[in-house]
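As structure tokens, the structure follows; a few thoughts come after it.
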Amino acid sequence: MASLAPPTTDRPLLEIRDVSVALRTGNRTMVAGVSLAVRPREVFGIVGESGSGKTLLTRTLLGLQDDAYVAGGSVRFNGQDLPVNGYANKARKLLGHSIGFVPQDPFSSLNPSMRIGKQITEAIYLAKGWPMGAERTREAAIGLMAEVGIPEPALAFNQFPDQFSGGMRQRMVFAIALAQDPKLLVADEPTTALDAITQRRVIELILDRSRKHDLAVILISHNLELLRQSVGRIAVLYGGQLLNIVPSGDIGQSTIHPYTEALFDCIPTREKTLADIRSIPGEPVGAGFGLKGCAFASRCPYVVTACRTTDLPQNAGTASIFSACILGRGVH
Amino acid sequence: MRVLRRLLSFPKTNVERTAIVLGCLILLLALVGAFLVPFDPMKIDFRAKLQAPSMLHWLGTDGSGRDVLSRLLYGARLTLASTFAVIIVVVIIGCTIGIASAFVGGAVDNMLMRLADIWLGFPPLILALGFASALGASLEAAIWALIFSWWPNYARLSRMVTADILSQKFIASADALGVPTHRKVLHYVIPNAMDVMLIQIALDISAVMLAISGLSFIGVGAQIPAPEWGAMIADGRSYVSNGWWIVLAPGIAIFITAVSFNVIGDMLRRELDPTSRRR
Amino acid sequence: APTGTLVIAENETPENLDPANATNSTVDELLLGAYDALVQFPAGETAVSPRLAKSWTISEDGLTYTFTLRDDVVFHDGSKLTAADVKFTLDRLKAAKANVLNDIGPLSGAEVVDDHTVKLTLSKPFGPFLSALSRIYVVNKALVEPHMAEDNARQWLAVNEAGSGPYVIASYNPTEAVSLKAFDKYWGGWDGNHVAEVVFRYITEPSTQLSLLKSGEVQIAPDITVEDKLALMKEPGYVVDVGQAATPLYFDFNTASKGPTGNPKFREMLAKTFDRQLHLDQVLMGLGTLPDGPLPTSWPGHESGTELAFDLAGAKKMVDDNGWAGTTLTVRYLPAIQEEKSAVEQLQSNLAEIGITLNAEGMTWPAQAATVQKVDTTADINMIYSFPPFPDPHAILNASFNSALTGSNGGYNWAQYSNKEVDALLNEAASSADPAKRAELYKKAQVLIGKDFAVITVSYPGSVVAVSDKVEGYKYNAAHHQTFNIMDIGLK
Amino acid sequence: MRYVGQRILFSILSLCVLLFITFLLSHVVSGDPAIVAAGPNAGADKIAAVRQEMGLDRPLLVQFWIYCSNILHGDLGTSWFTRQPIASDIIRELPPSLELVFVAMVINLAVSLPLGLLTARYAGTTFDDVVRLVVMAGAGLPIFWLAIILQQVVAGQWRLLPTAGRLGFENRDFTGATGFTLLDSLMQGRFDVFADALAHLVLPAFALTLLFTAVGVRITRTAMMGEFRKDYVVLARAKGASEGRIMVRHVFANGATPALTVFGMQFGWMLGATVLVEEIFGRPGIGRYAVKAVTQSDIHAVVAVVFVVGLVFLISNLVVDIALFLLTPRKHAGA
Amino acid sequence: MVELKGVAKSFARRLFVQNRSFALRDINIAVGRGEVVGILGESGSGKSTVANIITCLTSYDGGSYRFKGRDIASYTRKERFAFKSDVQIVFQDPYGSLNPRATVRGSVMESLILHRPDLGRRERIERANALLEEVGLSADAGDRYPHEFSGGQRQRVAIARAIAVEPELLVLDEPLSSLDVSIQAQILELFVRMIRERDLTIVFISHDVNVVRLLCDRVYVMNQGAVVEEGFARDVLNHPQNEYTARLLDAVY
């Protein structure tokens, strides 16, 4: 059980207000003014092209990135302020109990020289100490492994990571992230390195777990179609800016932020024909681009001068639906 | 011009800037130092022996009355020239073997690299010692001895770099076009391997220099009256109690040179090494 | 009874303990304590006196020497030393072609007369025969004979000792230290002040030797630099002993060479290029005597004025007249010996001034010795110290200039010098017993050698040894140069 | 287990190459060993006899065969100067050197590993910069020069440590079963001797190791930096593991593996570098023996030293590799 | 135009290990002139190996490969060289597929230097500029080095380089998969235009079912080194016969 205060159903589980992230070397602001709220049990997506700052934002928020820091804004988890900055051990301990994290690359996210079982029991021990004794911890770990779908978990317990395929390893990482029985799971592109069939299985595993254990999930991906079919709401990051928060059902249906719309038009799906594919001209802007105004302005078909001069609107009230377009929703 | 501008953009810290200035200064002294010497570095004058540093002899005189500063300056050329002689020959031999090995591949490659591995294993100083004993004691023998024990470094490195380059897709693209081997070597492999080689060379300058002076110190390298720095230390070691400057000066000269080239090598590594660069 | 420990620093490590190698001083200094010879040169004396042999008689024709041995001598294993041991010793050295026999002349055999009488015979009369016997150390036949095999016990004797001397070699670590302990049944007895243990520590660095001497870890340091010795002279607590050594240092020109040094005129030029006075004053710091020809000036038979004086201008003129400028020569020397190195540097510097390049090759003794075994591998110039095993002109002149003992014949004549007249003079002198006649012959020989410009006599350095003032009884022994009279030394 | 087999096979292969190189050294490149071996005063007949005795008149391949079989029987030839079997000379000289290298290695590891780990963790900070500078300076100091200076200053001027030798005067008679003074003194419970031996080892070991330690820190740092970039560090942080725990339990084990391979090689290189310090500090040992053998053209002894040092190198690498393999079994199978 | 019959390929694992791993077994693939043929399969299924065999970058162990009706094995050295101007390939990784030490124009001109020795320097430069423009890069981009370009731009250069020799067959080995989503669409549009404007036969390799569906006439599905299903794209992708194909299609978002 989490060590923080008991959840109140309608209060957001994670609430980020006006957070900006800067690099320690050079003090460059990479991600600016992000505000959003994730409710308990919600499956929440973050989409963005490569370099848009997804990893940087989430890792820094969780205190896992040592070369970046939260330059402004506040983070509340379960109603309490999180001491996010630095990798102060205290803050990390607090986080470790309630938030699970799955890194991007399953091939390097397990310690290659430590047995799988040891890595999972370490997580249990770090969350709970040894109140249950070595034997019980071992059983708990094997239980977890079974739960994430590892065949013959007792055998795998004593093996090393490189004896397993990418999909299996990603499951082990899940077992570790879930070992602490978190309220929130942050998964950073957990399936990008996996092939299609395995990818689907892993995503389904996450959704299943979320349903059964009241787990809130932040699922990060650059695959908009995947998120559209899997999550409830999607936050769209571009050039280090939060441009849009949108219910997945709206994508392709009602009017949304021009970037989200353009992004959706780029990707081939089952239903689309060649005529439906429209590329976005120009090159994507990376995080920390350092210009004023909207990051998408240079490629946006609806752009007006004000886009380049006005500061982006903020999602000040952490509303559940949000568009940072100064022209407002429904421009066309 | 472009290359120079690029080079000048490398140094990031004062340490690096100092190292570059010192490195250039040392190279310059090696080139022209012999003309600047205030005294004849070889002229014996026992009446003036073991004089402490003074206005006349800035670094004092040695046990045979020769001006230490003059010998140091004169020795810079000798020391650096032997170092570069070793490095140039070793680079040529090593890279030829390494690149050929990577291109040929298969069993030959395997065997050559095993040989290099094993060869590398032998402590270079001992191997050089064995070699020098076979050739007789002289600076040339020491140079050959070091070449003999040093080539596998470059064979292995160039083989690794070449193999790495050959495994990249732009080589497959070249293959798809039917680019002939010699063109591949000249236009694809060598330009791309240059950076890594340069880094290694910069770092090896100090290592080779230390090895040469070590051999001279033992007595199988430079012979009297040659003012090779290691030999100067060997020469002065019996006077440490009443002529400390004789040992101190060449030691510091080696130290400064070695450190300068080490720093430069490290800087080059940071700036040029593809593996340490972000895409 | 002997007490205390004497520690002596030594810069060169010994090859082995074999008495066959007693020509080498690093070996000799150990054997001197562990073995006895028939006769001896005590430190400070220039005449032989009895040791194992109580007395001896020499036949009229000078071909037979009969020795009467002491009857109270025991080897370190307790067994008695007899005439059979003496015969065995000589037979073994002959079989092993030992270096020590080079100086002993035409020895043809030994014969046991009775337990305490031994007869040695020569094929030709040999004046300094008795003197030469002082380096023949008598080994214990019973111990050595089982190890003779095909190598004449060389391997066994290299690390084992079979002597009867005052000290027993207690431990032998030739790269670290060798320790000798007093032998309580020594026939000479232990009256007076003697040390119970002598340790030779092998310390290559002169500066380290100095440190150890100053910290009291060693009591005798022979190899520190001249400058340090001069400084110690003024310091309380140390005695710097300057022994009247008779060890000439030569530049040997390769007289048999097909190169420039084969030309006597060229050698004449070279002979003018070394400033001995400067060397004595500035390198030896005055601790030595100025050479005047290849023989020590005080020895009988010395002839003065046989070598040319330093005259660089004259040499320069000869170079110019003959177009020798640009010639390149090689000199081989022992860099471990400071004065050799300085002399080479001085010669290099002088020759450079008159347009001749002199390359130097530093070597160790055995390696350098190996190069002179053929004329064509002999360098143009070799530096060599002549360590006469006994104070007789023969020991220097014959060894250095007799054509039978050229380097290529296995001797110390590294000039590869061959002059029939000189050979005849030397041989005649060797087989004569009349001192006056011998002196005359040696003088003639020196004149001839001087005219051939075979060598430059560089110096007669004194034997300068720094000793702690706790040591008493140290005395330089001219017959055993670079060794220590450990049996006479005591600690205060 | 196949890995171990391969590793041993490779070592045997290396041994053959080693034998071949040393053989070439002794017989082809060198001059006539018989002349040297025959000694200074030998005549032509003696040289011929020595040549026959040494087998130098036989065809080269036969000589190589004789050479190999001799070595495999532990016969490294006879030194023509000490007149002793070289094998026994080396057995006597090896322990002091190994002892020196061992202490140097301990210093090396004790400095390199923690410093490498910490500078990798705090890369880019002032601490890192300072350590890097110091390390860079260390890598530029000639070993022999450092040895002289240390001896003069620390032992000579300050009298903090002994100047030279292996043991103090009062312990000169100490002997032991193994030849390793440190080990023997402990076995005999002679702690005073142990302390004495250690005091004599400090300066030479420090002089010997500084350059290698500098390299060691750099290599460890690079290896550790690579590990810190990997995602398992992020995962461990997400578990709530403390920075210390991450360094010690996770990063260290992974980063030390490649670094240790280098340290295995350094052991052999250091043994070679003893030629630069042993003589200065008047210690017995293989390095001093080698220098002496070289200057005396005792070709067989030189070759034997090259062989033995090469052998020690092979063995130390083999041991390190197999130990690493046994400690981290899966890593090699996967690679 | 391309006819692979029963082609097999295996890789030896390591020096001491004898057993070989099969990358391909009994592959039959035929590509007609002017067709756009897709090869679909998961990672490690052998797609790239097929591409390399078609472009003669690797050898094969069994079966036969006929190009324009003639067996490749019977080619002389000269013909083999000429073949290289008929078949070109674009790789997945835009970062590794250009020589970092050559200017972008240099890379494009390399093919002209080798295969069109009749052209002068001037003409080559002009042609290279024209090609760069055709793939959507400005002419002055030619003087720059690959590291100054983004992934999408590099992929354009790679395409320009491949079509410079005017090949008849172009093999595209996952040309989109390492690009940003918005750039993927740009490159896809470039392909569509090329197919329309040039007389090209294309083998398009991808693991993205949706892209193959859009672009290809016919499709081969590969799994573990074997072709498990083939046919017209709309048939196979709408009504898969093979169980594996069905599973793969199900998993796609």
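Labels A, B, C, D and E are assigned to the chains in the order they are written; within every chain, residues are numbered from 1.
Rule of thumb we're sticking to: a residue touches a chain if its C-beta (ideal position, glycine included) is under 8 Å from a C-beta of that chain, and two chains touch if they have at least 3 such contacts.
Since we're looking at a predicted model, the values are computed, not measured.
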> Among the remaining chains, which ones contact both chain A and chain C?
Replying inline: D
>> So if I look at the partners of chain B and the partners of chain C, which chains show up in both lists?
In response: D
> Which chain lies the greatest distance away from chain E when centres are computed from Cα atoms alone?
Replying inline: C
> Where the centre means the average of the CA atoms, what chain is farthest from chain B?
Replying inline: A
> Taking each chain's centre as its mean C-alpha position, how far apart are chain C and chain E in Å?
Replying inline: 87
> Measuring from the mean C-alpha position of chain A to the mean C-alpha position of chain B, what distance in angstrom results?
Replying inline: 51
> Between chain B and chain E, what is the gap in Å from one C-alpha centre to the other?
Replying inline: 46
>> Multi-chain contacts only, two chains or more: what residues does chain D have there?
In response: 148, 152, 156, 280, 295, 297
> Could you say which residues in chain E touch two or more other chains, in rising order?
Replying inline: none
>> Can you list every residue of chain B that touches 2 or more other chains, as numbers and ranges?
In response: 137, 219, 237, 240-241
>> Can you tell me which positions in chain B touch chain C when the two form their complex?
In response: 42-44, 46-47, 49-50, 63-64, 136-138, 219, 223-225, 237-243
>> Give the list of chain D residues in touch with chain A in this complex.
In response: 124, 230-232, 234-243, 249-250, 253-254, 257, 328-331, 333-334
> If you look only at chain B, which of its residues touch chain E in the complex?
Replying inline: 110, 168-170, 172-179, 187-188, 191-192, 274, 279
>> Per the contact definition, I'd like the list of chain C residues that touch chain B in the complex.
In response: 205-207, 210, 225, 227-228, 231, 278-279, 281-283, 335, 338, 341-342, 344-346, 348-350, 352, 359-363
> Can you list the residues on chain E that touch chain A in the complex?
Replying inline: 42-43, 150, 152-153, 180-186, 188-189, 192, 207-211, 213-215, 247-248, 250-253
